[in-house]
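These are the structures in question, set out in turn.
One chain, chain A, links the two complexes that follow: it is found with chain B in the first and with chain C in the second.
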Partner chain A sequence: MTATTPAPSIGRSLPRLEARDKVTGRVEYVHHLRLPGMLYGKIFRSNVPHARIKSIDTAAAAALPGVYQVVTIEDIRKVIPHPYYGPAFHDQPILADGKVRFAGEPVAVVLAFDRKIAEDAVALITAEYEELPGIFDEIEAMTSDVLVHDELKPASTFPDLQHLKGRKGTNIALDYQLRRGDTEAGFAKADHVFEHTFCSQQVMHIPMEPFVSVADYQDGHLTLHTASQGPSFVRIEIARLLGLPENRVRVKVPFLGGGFGGKLYIKLEALVTALSMVAQRPVKISLTMEEQFYMVTRHPCHFTIKSGLTKEGKLIARHCEVIWNGGAYADIGPRVTQKAGFTSAGPYDIENVSINSYAVYTNRPPCGALRGFGAPQTAWAYESHTDMIAEAMGIDKVEFRRMNMLREGRPQASGTPLRDAEIERSLDHILDRMNWSLPFDRGSGTIKRGRGIAIGFKGITAPTTSVAIVNLFADGSCALYIGTVDMGQGSDTVMAQIAGEVLNLDAASIKVIHPDTDVTPYDMGTLGSRSTFHMGNAVKLAAQDAMGKIADLARELGLPEGANLPLADMLRKKYGMQAGNIIGTGSFIPDYEKPDTTTGLTKKGTPFWGVGAAGAEVEIDIETGAIKVTKLVNVADVGTAINPKAVQQQLSGAAIMQLGFTMTENMVFRDGQLTNGSLADYKIPTLLDIPREFINEHVPNAYDKDGPFGAKGAGESTTIALSPAIGNAVADALGVRIHDLPITPESIFRALQAAKGTPLEDCA
Partner chain B sequence: MSTTRTIRFTLNGRAVAADVAAGETIVDMLTLRFDLKGARESCGQGLCGCCTVTVDGMAVSGCLSMAWFLDGTSVETIEGIGTGGALDPVQEAFIEAGAFQCGFCTPGFIMMVRQLLDAHPDPDDEEVRHYLTGNLCRCSAYPEILTAVKLAAAKRKKLAA
Partner chain C sequence: MASFELIEPQSVEEALVALDSDDPAVRPMGGGTALMLMMKAQLFAPTRLVSLRGIGGGFSGFSLSGDGETFCIGAMTTFSELEQSVEIARHLPVITQTMKTLANVRVRNVATVGGNLAHGDPHLDLPPVWTTLGARVRIIGQSGERVIPVEELFVGYYETSLEPGELIAQVLVPVRPDWRSFYAKVTTRAEHDWPALGLAVSVLPEGERIADVSIVLSAAVDRPTRLVNAENVLRGSVLCDEVLTRAGEAAVAETDIETDNRGSSAYKKQLLRVHLGRAIRKVMGA
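Take a look at the complex of A and B:
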């Protein structure tokens, strides 16, 4: 404790604690880690999407000078008898086991002391396959005879998936249902019924630090150094695979060069662990940018939405049929299916809602979590649909939204009431920044201009736990021990601010200890906008616990009330020298009520609501379809902004990422083969793509009563409404609706031609 | 064994020598032989700018350029900028503007912004956008990077005055 009280921490735009290390290039990533005696692993991948493996010939690779060993599933089975893993289903083999299920699946690994030799040796491996028919489309996969897996294998950790155990003859990994009221009766009563279908494409996270993990297994102890967003999950899942107690598995995570949901759960960790056990040496695998496309991606989504309305425009019934293409392995897809399914009817007050949301296996690269956990795909559908209904009924699009909007205290489709969710204020903020009430230049000649808005929300994965430790040293300086991973979002800084506020310490003086499962306590994962809320609460509780212990110490030392003796002096008094610690702990799990197993209804399904709204102006050349987003406004309800600058960066960064997913990014497949898996052919946003008018703001004076100092997550909210705002602007400019993402000059030109009755041929 | 060659060059102002292999990239050499971690391979195709260093004052992609050809040149990396423990004005500007999140692309951006300001001491928005379009930031700190460039230009002018 310092004698002078530092400035309040909350609401201060403190620069990142690690700022200097990042601008000097000295910051630590697993990317650079080398251990003594370490081998480099290079993966040999399948070049067919669905096949039985007849044989793998590794002899030439093994004979290459400098190669340490070539490893296949047979070698791995000797050290891990049941080598299957995954967060929701134990469906993914550490290396292909008799079958390959997507083109690009790991089949064998070359280990060598020299990375280049490992690469050369991989080129010498050959595999013979008996090809099987592949299934790539999610709709076809729902009913196809082609099966990606023979049997469903839910992980025992999720009790709500146990009914799927042993299910055979299907590609549907999960069928989530929500039933509120009587949708059929609602449609029967409706004066108008609208039904539309929208699709989202497969895209990828593209962290600039590609996936990388290092395993060091020695005598029944494992240390993993991994670029992971979920060190606690990795420890638990690896301990399960190896049959070890948790205390024999140590997972260390420094800074991440980006994550965005990709580096969650378990990725390369099982493979490097198995390789280190086989080789009895440390093993590192670093993926190339091209290989990242075969690790994990975002779900393509096919969403048919049907709404019934009164003649006044009140929504009275809605049915959502949401189908998620999960690829060859479930990863966390079943959770995406549930969580995004849960809010897929949109932020509207509708009495009768039914939702079917399906996770479907196909022979594509696996799909998992990506910034928004499915919410952006569902909002693309429900907010495009909203504009189409308003237009068809001749109602103003803003008024239509206001008429049907979910308001504070009203039950959302699941029955969970909306609470501390600034949907209407987000919309108002957008309208203001868009100058919505002013006349709008609609372009001239071949240039057409249009504008659009959209709103959206998401529920948060629940219930999940965060635990934090605050340690005050003998001189009063402070360290914070947390499992939250700083992957660029600035969690170290924000958590230090929360601790500093309670402890009356300058946040910049607090040291944040990075995840090391031997040292830092449990955290469910750095995902789904949960850290500020969950870990923030845990840190606050830990700091309060430490303050309580300091007060106890003051009483023990017989100090008068309000003596305010610095902690260093108190500890010196107690121990007679500079010694001792004050340790505060905090553990947080939000209130939660399990949804009813048949209706999906719950009174408390989410710890808080993520809310985002967007507005866009576009300019389109109707001769070429060329489109420019000339103005983009994004607004989110983040509750209290603990660090306004960090919040601003999250809102803006998430929006630009979703802008890429809206305008350019698309994993293109031909016969199950990815044709554009590199940054040369898969275009992510650059400085030239940032709209000339680009505004990102949070709703002022919002407050979440359950959040630490009123705060909630900010990392995903601006991904939700962005795509439909642009889609709605395109429709406003052209009178033509784009149903499938991305919105490209070609898709616009095709839609224009189709509207003229002269559609272009499909390119096969 | 692949052929090696002894190269002598200047690295961040110091005369150095290294025995490099024929296929060894500048990034690999800097990382493995000099323990410099600021230039990083990300896309491996010269498309993202994470590996940017300068050779005789010209920015190059360290993941595509061969160390073999550095003999007799002067190489500068992020570790070599700034003086006597003080940050370079561009580094300061990046911190003040909050022009990074995860930091993986940051050294490449900073090296490129220095080049930009050498060529255009007072760039307008369009010049900045075009000049830096070969540097990718997936966290998308682009708006803050634009601010940082302006800030850095002002800082440089003040220093020169």
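Take a look at the complex of A and C:
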């Protein structure tokens, strides 16, 4: 322990521990890694969305000088007899196995010592397909005879999916339901009933560091170097695939160049492992930016929401029918379906709620976790619906929300009470920053202006575990061993701040050891805004454990109470030289009650509530539909902001990402083929698209009693309410409602023309 | 990507010899910004690239002709050189204006005037502008040289009238102090994007009257296209809503606009109507 007392760590905008290394280009990424004898793999992909594979001709590719080997599923089966993986369903083959289920699916891999040669060789591979009818739309897939999979194969790790095992003749991978009260009776009693449908499009994560993994398999041991958000999961799932004990699979993860949920579960890891086993050499695969569109994406969502109200405007019944287009492989889609389904009725106090949420297979690229885990798609529906109801009933939109808002202690749809969730203060904060009570300029000439607000919330994946180790060396310096992946969100810094606060050490002096499953303990994954809360608690417990051991040591050494001898001196006293360690461990799992299997009800369904609110001002040219978001305010309840600067960056980053998903980003398919799979044609927002006034703040003095020092997650909250705030602003400006994302100039112009009774002719 | 030969001749003669091949994978290269993308996307695998960087002569630099009537711009002039030129800003202000939204600084620093024209991509911003300015190109080949209007360079989607082995040497732009020009880059997705519609207009105003006019549409069509019927509606007319509406309808009627990811045909026709009217008003100072 240092003699001087460092400044308190919590609430301090400590600069990122890795900032200097990052800006000087010294940070380690998997991208840079080269192992001796390493081969580069390049993937040959299907160019049809649904087909039986009749033959694959790899002869010309294999004959190209410099090619080491061309690998298909037949080669992989020799080393992994059951080559299927997935976090929820074991439905995804390591390479296409007799069938392809989406255009872009990996069919074969060329291995070569030179990447360029591998790329050239891929162009020489041909495959013959017997094309099958494809199914791309989630609504059609619900009832279609075209089946993406013959049989459902839930993974044994999810007990709540076991009833689906062996189910045949369906594309519905999961049918989640929640039943609270009597919705039908509620609608019968209601004075007004409203029903609307909203859709969200397919979008993608676009981390600036594309997927990259290296596998090195030798003599029954495997080392994976991978850009993964979930090293513990990778180890467990790869060990299962290979039939190895966990201690034979080592997963190392350095910094990531962004993840956003895409780099969770198994991505390239199973493929490079199989390739390394086949080739008996280290193998690396790095995807291009363009190939990322075929790895994992965000679910398109079709949501019909129906509400019953009293004549005073009190919500008394709501039914949510939510259909998620999961693409060809389930990935974590069934969990998105459940978790986003769970909060799909919105942050409102409604006596009677029923929710059906379906995960549906289609012949599109797979969909999985993406920042917000489905909550943004559901909020797009429920908060657009909220404004439409208020308008139709002639009630002020803010008052209508206040009248029906879920308040502290009241049970949410699942029965889990709202706790430490600043929904109303988030709304108040938005109204203040939007100057809501002041007169508003509605534009002139061909320019119309409008403004809108929205609120939203999300539950957090549960129950999940984090384990942390604090190691104090013989000189009193500290290292923290955690499985949390710093992918740009600043977790290294925040975890060091939590440990520093307990250990009374300067956070900047603490070394954070990056995930290496041989060294760092278990963590469920860096996902779903869970790290600050779960790992933060584990780190706090580990640090407290270490402090307890230091106190024990003081007693053992016979030191008087309050002697305050530095740890280095105590260890020297004990061992007679600079030697020894103090090891503190902490393990955290939140309280959780499994939802009832038929009603979905639970008293404790989420470790904490993620809360976000948004306000937007827009300017629209009514002759062209051209839209500018001129002001955007995002507010989140993050509990205590452990590092306010890092929180602010998370809030603005999440908001910009969701702004792209609202206005510009859209994976466009024609007959199952992606038509804009490059950054030239799939438009992420640039600085020019950021609103002139762009305000991102957290609710001051919020506190979560179960969080470390009152903190909760901050990575996703500002994704939730942004889209409907903009949609509501558009409706406010024009009096027309956009139901489908993205909100484009053309969709606005079409809506305007339709409202005038002179609809624009359909797209050719 | 297989390896290829990259050569950098020091004279036009050497370049023409290096390009004298029946192999379609032998190509000249200006700044390489378009070629590199095509190579990365595996759309083009060269056997030999002939960089024109070092050939000098009329290919580099730009200046006003002795009679002050023509701006001669070497084909290897980079966009940044044009963008930063005081002379260009004075005599061809629409070029300076167009540069602001054209690609980005890194691209403008290397992309060349000649390469941009020879690429034949209908989404590029400068070709419609050169066309509306009445520019011509000087083309050099083994069999000598010829000068043609820029609009005759474009014969289809990524197709030009250049013969194999021919090089664009210069762009010759008439200096017309009485004319006013404007380029409308209309994007429909992110602010910074390929245009859904590129619209270049030049007018010779006479008070409220449009004495003469040139209108060129790009991006929404397969090549930069003069909107002759719309020009005829406007030419000699006094600026008013009714004339602009008729010009917009004429423009829509004379073009074949197809649906793509930047907008449906019907929507892009609406954009054409609106932006044509706005562009004409702008150059007429109304």
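The working rule: the second predicted complex is superposed on the first by the 763 of 764 C-alpha atoms of A that agree within 3 Å, B and C clash if a C-alpha of one lies under 4 Å from a C-alpha of the other, contacts with A are read in each partner's own complex, and residues count from 1 in each chain.
Following the convention adopted for this analysis, a contact is a pair of C-beta atoms (placed from the backbone, for glycine too) under 8 Å apart; a residue touches a chain by one contact, two chains touch by 3 or more.
Not measured: the values here are computed from a predicted model.
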{"item": "Touched partner set for A:Phe255, first chain B, second chain C, both or neither", "value": "first"}
{"item": "Which of chain B and chain C A:Thr24 touches, first, second, both or neither", "value": "first"}
{"item": "Most chain A residues touched (candidates chain B, chain C)", "value": "B"}
{"item": "Partner chain(s) touched by A:Glu391 [first = chain B, second = chain C, both, neither]", "value": "neither"}
{"item": "First, second, both or neither for A:Asp57, with chain B first and chain C second", "value": "neither"}
{"item": "Chain B versus chain C as contact partner of A:Asp175, first or second or both or neither", "value": "neither"}
{"item": "Partner chain(s) touched by A:Lys645 [first = chain B, second = chain C, both, neither]", "value": "first"}
{"item": "First, second, both or neither for A:Met657, with chain B first and chain C second", "value": "first"}
{"item": "Touching partner for A:Leu688 - first (chain B), second (chain C), both, neither", "value": "both"}
{"item": "First (chain B), second (chain C), both or neither touched by A:Ile206", "value": "first"}
{"item": "Residues of chain A contacting chain B in one complex and chain C in the other", "value": "116, 290, 678, 680, 684-686, 688"}
{"item": "Chain B-facing residues of chain A, complex", "value": "13, 15-16, 18-27, 29, 31-32, 116, 205-210, 255-258, 260, 288-290, 487-490, 645-646, 648-649, 652-653, 655-657, 678-680, 684-688, 690, 694, 696"}
{"item": "Contact set on chain B toward chain A in their complex", "value": "23, 31, 36-40, 42-45, 47-48, 50, 77-79, 82, 87, 91, 94-96, 98, 100-107, 110, 128-130, 132-146"}
{"item": "List of chain C residues in touch with chain A within their complex", "value": "1-2, 41-42, 188-194, 258-259, 261, 263-267, 270-271, 274-275"}
{"item": "Of chain A, residues touching chain C in the complex", "value": "116, 119-120, 123, 290, 623-624, 626, 663-664, 668, 675-676, 678, 680-681, 683-686, 688-689, 744-746, 749-750, 760-764"}
